[in-house]
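Contents: one structure, followed by commentary.
The chains carry the letters A, B, C and D, assigned in the order they are written, with residues numbered from 1 in each.
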């Protein structure tokens, strides 16, 4: 009975999947457009933020906030989950499949949990920047913003030995000066742009700066916390997006971006969804998981990389 | 093991179809009620709006607006996606299946991205009107509304060579004068009505005017952005609606309306959902995808087209 | 090929439900507890309300209301859908399976669309009461409430020839006097109670009055409009609830209540969901679809019907 | 068409076999880390609260509250469902599978429905504490909080003969004093912490106190009422979480926590979901369902239990 149940369940799921999503197997031998010959590059962002959150930070409890100064103990315990369980569970997953990801590390999170920051770096993952703390950045002047970003990378470097070259602003909201600040600090790229499914070059003070596509679509905090998706919905989103981009990747340079936060993407069902997704991608040739700094270096001076100066009025 | 799975697969495919899609194979030879003999007419609306949005326009970021004058850079990049990726991805899909759609083009979007407007027209798609800009129209007086609509079609015609004969108001909210305005400007039809699953005639100043059914049900902005559906939910909606209307189409004139917006329906997973849906419709006979202007011309003087003057107090 | 699919589907559909819902087939021959020997009684409520809605009534547009007096034309067209398409589509479905339902008819809807009210009655369905108009009833005094309810049944009787004996208040919100009002007017039952999965008797002025279980769980307006479910989710809810209640029905009296509103449940995908659900129930023995007045008559004086006077302080 | 399905099925079967079943059969003989040798401990919380709710308590009706003093009759009937149907349905389910759960009993609910409280105790389930009433606890001073908790356990003990040793605060929101209060009253553990997937020890006034992991992820009130999930989504969440934790359980101590409330988890479709889930867990070896008091006793003095004093500033 049970074995029948399992077999039929599995077959049913496979059929369901075929039913909804067939057609993605064409053109596997077409021209490839990434310098490394990939048909599709996938990059995972693993945000490590827990411990750096301010009082009242967004959580399942923040909708009915307690009076200022009153500790919200279950909310605080919810955040600690990211440090106790979430990051380590994800690290185990990346290791299982030998995938290297980009971790956006909030400075104060690394200060609070240095072992975790070091474990991320020791796993071969990119240590990227995410500010010194959870704070609005779009409203800072140039000097303050530079200090804010610099303190973040200095702090995290002191702990991990790695200096960030990629940037992610709080809720993506950078200021008009952010790219200039980043360039002054030696950054190669930022990710707070949703305009393309591939990285592009934008000119900042006349020099190349890489804009890496980020995602609200394959983003745990947006869809699971914000939109209240169940983990099976998240998995469908990943697979359907993959199928389309992989097919397009036969003739165009295509990149898929995924975002997982310590306390959300690090929960058991979400890691299970990601595990299933990774397995699914392994059935296709030419799929590569990469760190964003490696992608940035690969495309920075590649003549096939598109140039887009849509924000040039801010970047000169 | 695999062969068992395969055998079971054959059987289970049938169950799956029975499960949610059964019943639609009856009466395939019954009377057909469209002039062209179709059992079901499907029409896709592809809204091209990006570039015309006002500051603070509805986006994943508009729930927590920035102070007036402060550029919301990730929100702007989210809109640009429609121009960089969304419309082109959808154009590729329509081409793959040789489908012609109706594109509702905001005047200012065409001004900002003339190449895209031309690419739509060059693909054989209908260039329909959607106002000169993203603005409330229900609160304009007659003269202002006429100028607003006229400027839109003049502008888009100057760019694409095509003059709109069909209209879609911002969020469907037209004024009591809109149909008279449209008639004065030579329009054949409008779509801002949800009252039927087939086009109908309404009298405007005593003359025939076509009302084309629009949809909130098969509408990306309503369901994916507004209701937070995942793409697999959207696909189920399309298939279940299709199954019912196709079956009804054996004995009645039935039309299915679908709406995709550049930056939402143009994302990879949504285009994958639409691709799967189109494939699914190909398994039935008598399904035709049409532009709305062609539908309007087909029904305008057809005696089987229903007449409905529910809004006659406004239209005389 | 299709016929092979259909033949095998009956046998194997249970496999599909093994996937998520196995186990419901036990005890089919156990004691049955309904007077008519059913294992499960299902009753559908079909609300006919369109045409009676006040300005600004709940619709997909009511979240951003227009100024008072400004007609909301797409919202009005959305309501008309219930009259043009919704009720007729559902009537076709009930006829296809020879199911009789209970229709809660708002008085003003019948006045506006008398043909529809008559078509419901002519189909053999119960004409039940739903007030003369869409208005709060919980805040009326006894005399006003009695006049409100009486005007509703008088009006609908004049149109359909049928006098309601069952009541449904606007959003279920009755006053403390409602049951006494209903008893004075000769009603047999009301449905605005969510406390049991079977009908029960409550004493009103010492006499038996039937309370029929209503549902927020299998309710289109609550789940599809309110909770934003897609139609496949609604179908899962129906099937999973059915599986459990059917199993329990082997040893207890169990009733399943379903609610469909003209403009919501009457859409193509929702009628398709209901069609699939009805087919699914046909695979079990002892499932009966009934009108609520017939159920009320069956249980009113049956000694096995539970008595529950939880609201007795209002009913003496 | 079919051959396409079959071909794709061949490719996908192994992937999707993985999707439901992957990984968790590995290492079944590895080191187990629970004292009782389990690979995964699952504990269900069954909240019995109905009857203790204050006026206007959270319900499907509380979003549009009636004026103070006006009885909200359908809302009250919705709560009564938990007493009439919900708890008994769940008790039947636990009995069917011989599972013992932890029931968090609100004092006033037991007063109102003593038979139900006794039925829970007589079923062999743990009677745990949940306060004397539905009230904020985080804002009480030490003496008031102690009296509030004590009155709850005294009241429930008088009815059931069982004195609670585990605590669950209203919406998890305890005060900084709660653990000291609980220790003074002889409690062994509390559950209002989300930071780990296994129980841990925290020091309270220097003595061991057990913190049992609770869940917002497998929680009916959070996901079904709050997030509007359909029951199939809830079932996917349970299965995907189970698959991951079970696999991890081969090498680590892992616990899965599930929460069902009388009027929500006790509905037919949710009990059907839980029934399917329990069946699913039976396909794996080493899965044990336990009461939380038994778990607390098992880990309290076990040297492998982690110690975490993250809140030590409050507990000395």
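The rule is simple: a residue touches a chain if its C-beta (ideal position, glycine included) is under 8 Å from a C-beta of that chain, and two chains touch if they have at least 3 such contacts.
Here is each chain with its UniProt name: A, B, C, D = Polysaccharide deacetylase family protein.
Note that the structure is predicted; figures quoted are calculated from it, not measured.
Of all residue numbers used at the contact between subunit A and subunit B, under half are used by both chains, marking a mostly different-residue interface. Chain centre most remote from that of subunit C: A (centre = mean of CA atoms). Distance between chain centres (mean CA atoms), subunit A to subunit D: 32 Å. In terms of their C-alpha centroids, the spacing between subunit A and subunit C amounts to 47 Å. Shown for subunit D are the residues that touch two or more other chains, namely 2, 5, 9, 13, 228, 233, 279. Interface residues of subunit D facing subunit C in the complex, by the touch rule stated above, are 2, 60-61, 66, 70-74, 76-78, 80-81, 84-85, 89, 228, 230-233, 235, 267-269, 271-273, 275-276, 279.
Residues 11-20, 22-23, 25, 138-139, 171-174, 176, 192-197, 216-217, 222-223, 227-229, 233-234, 236-237, 240-241, 243-245, 248, 308, 310-311, 314 of subunit B are the ones that touch subunit C when the two sit in their complex.
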